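Two complexes follow with chain A in common, the first pairing it with chain B and the second with chain C.
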Partner chain A sequence: MASHEEITASLLAFQEGYNKNERLKIMNRDWDRVVLVQASDIPSQHTLELRNGELSVREGAPPRADLTVIADSETLADLFYGDITPTEPYMNGTLKIIGSEDDIVRLDFISLMIWGE
Partner chain B sequence: MKRVVSVSLGSSRRDHRAEVELLGERFEITRRGTDGDFDRAIQLLKELDGKVDAIGLGGIDVYLYAGRTRYVVRDGKKLMDAVRKTPVVDGSGLKNTLERETVYYLREHTDLLPPGIRVLMVSAVDRFGMAEAFAELGCDLTFGDLIFAAGIPYPIRTVKELEELAAKLLPEMTKLPFHMLYPTGKKQETQDEEKVKKFGHYYREAQVIAGDYHLVRRYMPQLDGQTIITNTTTAEDVAFLREKGTGCLVTTTPEFQGRSFGTNVMEAVLVALLQKPREEISSQDYLDLLRRLDFKPRVVYLR
Partner chain C sequence: MSEVGLKRVLTLRTVVATSAGLTLASSSFVAAVQVAGFLAGDTAWLAILTGGLLCLGAASCFSELNARLPSAAGIRLYFSRAFNDRLALTVSLLYMAVVMGVVGAESYVLASVLSSALPAVPPLVWIVTMYLVVTGMNIRGIKIAGAFQDLITYGLMGSLLVLAFIALGRVGFQLTAPLAPGGVLAFINAVAVGVFLFVGFEWVTPLAEEVTQSRLVSQGMLLAVGLLSVVYALFTVAMTASTPREALVASPAPQMVFARTVLGPAGVFWMVVLSLAASITTFNAGLISVSRFIYASAREYVLPPVFSRLSLRFFTPWAAILTVFAAGVTISLVVLATHRYLVLVNLAAAMESVVYALAGLAVIRLRQKEPQAECPYRVKGGVFVPAITALVFAGLAVAVMFTDFYVSLYLLAGFVILWWYVHRVVPALKSKYQPRRPARRRRPVAEPADAGCEKT
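Coming up: the complex of A and B.
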């Protein structure tokens, strides 16, 4: 089990990877979304916000989310640190993403662009 | 008579049967759509296994290529693995030969592909041979793989960048359910109006639009005389393209009794003609056979 602080650290690593990737920022300039990241086994909520291609991270839930990412704390930390890709846990149900299919593909894409080989 | 059947995840409205003679052999070619129903496709493949001479898989890719790397689409592979006895192909072998040759043919025999012409490929990883051929001939390229499959307004301009992005994305993206990446079943009969509005300008800025017909159709705005290079078209599709303002239609596969079949069907026909184990068939075998058959692209001016 990962702690809330570990999830925060993983999301900050994700943000750092994102912000270093200028091409990814260009690709996402049109995609303004609020993402709730919620652990299923500990009380832990974070908000990822994409606006004009910039990604910000903060602790706590947003008033309204376009997408909700739910998994156990360990999976969330592994995912945002890039130790695992989202596809497998999404396909086997360990990772649940609530939102439109297009947005889910887009989130998968961002993660692969940051951590993909 | 040899029997070739294409089992497609696409709409059953496009089902068709034709009889044709090729190199002295009679062929019955049938296309059977399963309306996006994956389980029905598996069942049908099992029923046909061992009873026909070759099977084509339509409405889905099994193999995608970027450079020398081949990526396996998980859902496509599941369909392929349902067939144990009959040779089964997805058209990717033929795309790499016939479609490459089509581009060279158009440069040599028509004025449709002069150097520097602006070409939009709606998706290139499913037609890498064609993409490479356009690049070799000095076309001004836009690859729409990210735009149309993922909704990301980022035009890829070079084969090198396409390969680089494919290496990052495809090993994982190919594990997703295929319907998340490509229109299957009923989606093939409709347009994605939001994307047409948002990304239609990529079509209008191009002089040639190339790629899979279902993708070309799904995002097509009103055109102004552009050339479309694609594969499977029915009489209904030709009417649609004419209505949308297409100037010229080029189909890479030959027409049998009023329609061109998919590359998967044509590859299955070639496999049945070659009578060699699938794993022993090379690109050169296909090229040699295509020359003997004297297949040429069909060029139809629509206005």
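Coming up: the complex of A and C.
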């Protein structure tokens, strides 16, 4: 089981990877979204916010989210560190993403662009 | 933890419209005429309502599975949890192949509709045009919006009912022998093929991630199946009561024969519009489902990673979409050359029956395996509905296979090939492509403990 701090660190690593990628920022200029990242086994919530192509991370839940990512803390930390791809836990039900299908594909794409296959 | 609202949510009206809209297709009229062809008198309605009732059982099972595992992964996840991943993957791959067949049959029927209205344009031109338009839409990420889907589906169902009543009024219809289908075997075959009329109602389950409560998807599926049963039953009775059966059976677009008989050129124009509306949602949804499935499979190395390539401009899986385009056009050309579209209709009916039977079994299995799991919706009456669903649809699948030898052959061959693929090729792909890089995660290093000593 990962701790809340580990999830925070993984999200910051994700943010760092994202912000280094200028191409990704340009591609997401028109994709303003609020993403809630929630652990299912520990009390841990984070907000990822994409606005004008910039990604910010903060602890706690947003008032309203476009996408909600739910998984156990271990999966979330592995996922945002890029140690696992989202597809396998998504297909076996460990990872739940609530939102539109297009947004889910976009999130997967961002992860692919940051961490590779 | 606090409850966070979703910004974009769908209503029950749109869920019903999506479920019914994916099911209503131009090829549905072909299946409806086939159902009537098995039976004597005006008993098609009985077979269609029976098929609808059975699909309500299947819809209940999908509702419970969806409530238990709300995910766009659908049957892949349900069957994987209930049985095992290899079986789930084999069935999902086979199902997607059959969906491609349905798209092939649909394109052929729609091309026949358009060619009968404009004979100067050959069907091949219509088929290629349709694929190009839908592929272009898919690559650009254009989807049918909820409000447009509502308009198409409810407009379509309303129009079919109006047409049915006009036809029944013109012939002064009176039911003759409505309860004498002409034999039990004929009735079973009619119900089995009638399942095709409802193919795709469960494709709405991916919306589980776009609604506030998964019960909306459950209610939507049940309402859609109920509405479709009534519309199909009335329309089929109207077709067979007003138009000679031989003419209907002989045409790949029986709805055009019916419309011309009832309303002349105005009817033809009306039916062209209805067929286009019926096809666009099914055609588009079929291609999207298959291409997204190919993309997701490639992302987990079930298929070569080349299929997971995304368009950097539109964020859509272009490699998967183009693969589906190539496969779809090939299937449609084969159908156009052989005119054997009925095999695809029967194949879809049989495969859908297999999937519904497995859904019933999956409900029972998951209740045993995960009795404590959260499940906001459970089918009432214990295992009765899931067990009946499993038994009846297994029987219907066998009935279709007995009726059409090629269906048994193609399904069996498909299953054996995919079973081999899942057992031999998939592990090789995973071992070749799965990354073996060091973990990036900075795990806390455990303090070394002296062997045999315990710190106090």
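Worth pointing out:
Methods note: the second predicted complex is superposed on the first by the 116 of 117 C-alpha atoms of A that agree within 3 Å, B and C clash if a C-alpha of one lies under 4 Å from a C-alpha of the other, contacts with A are read in each partner's own complex, and residues count from 1 in each chain.
Convention: contacts are C-beta pairs under 8 Å (C-beta built on N, C-alpha and C of every residue); 3 or more make two chains touch, one makes a residue touch a chain.
Just so we're clear, the structure is a prediction, and the values are computed from it rather than from any experiment.
In the superposition on chain A, A:Ser10 makes contact with chain C only, while chain B stays out of contact range.
Using the contact criterion defined above for the overlaid structures, shared-chain residue A:Ala65 touches chain C, although it does not reach chain B. In the superposition on chain A, A:Leu112 makes contact with both chain B and chain C. After overlaying the two complexes on the shared chain, residue contacts for A:Asp102 are found with chain B and with chain C alike.
Of the two partner chains placed by superposition, chain B and chain C are both touched by A:Thr85. In the superposed model, A:Asp30 lies in contact with chain B only, and not with chain C. Once the two structures are superposed, chain B and chain C can be ranked by residues of chain A touched, with C on top. Look at A:Glu22: by the touch rule set out above, it reaches neither chain B nor chain C. Touching of chain A by both chain B and chain C, each in its own complex, is seen for residues 27, 85, 87-88, 91, 101-102, 104-106, 108-109, 112, 116-117.
Taken together, the chain A residues at the contact with chain B in this complex read 23, 26-31, 85-88, 91, 101-102, 104-106, 108-109, 112-113, 116-117. Only residues 1-2, 4-8, 69-73, 76-77, 80-81, 85, 141, 143, 206, 209-210, 292, 295-296, 299-300, 305, 308, 310, 312, 315-317, 433, 435, 439-442 of chain C touch chain A when the two sit together in their complex. By the touch criterion stated above, chain B contacts chain A in their complex at residues 146, 149-154, 167-169, 171-173, 175-176, 180-181.
On chain A, the positions that touch chain C within their shared complex are 6, 9-10, 13, 27, 34, 36, 38, 43, 45, 61-66, 68, 77-78, 81-83, 85, 87-88, 90-93, 96-102, 104-106, 108-109, 112, 115-117.
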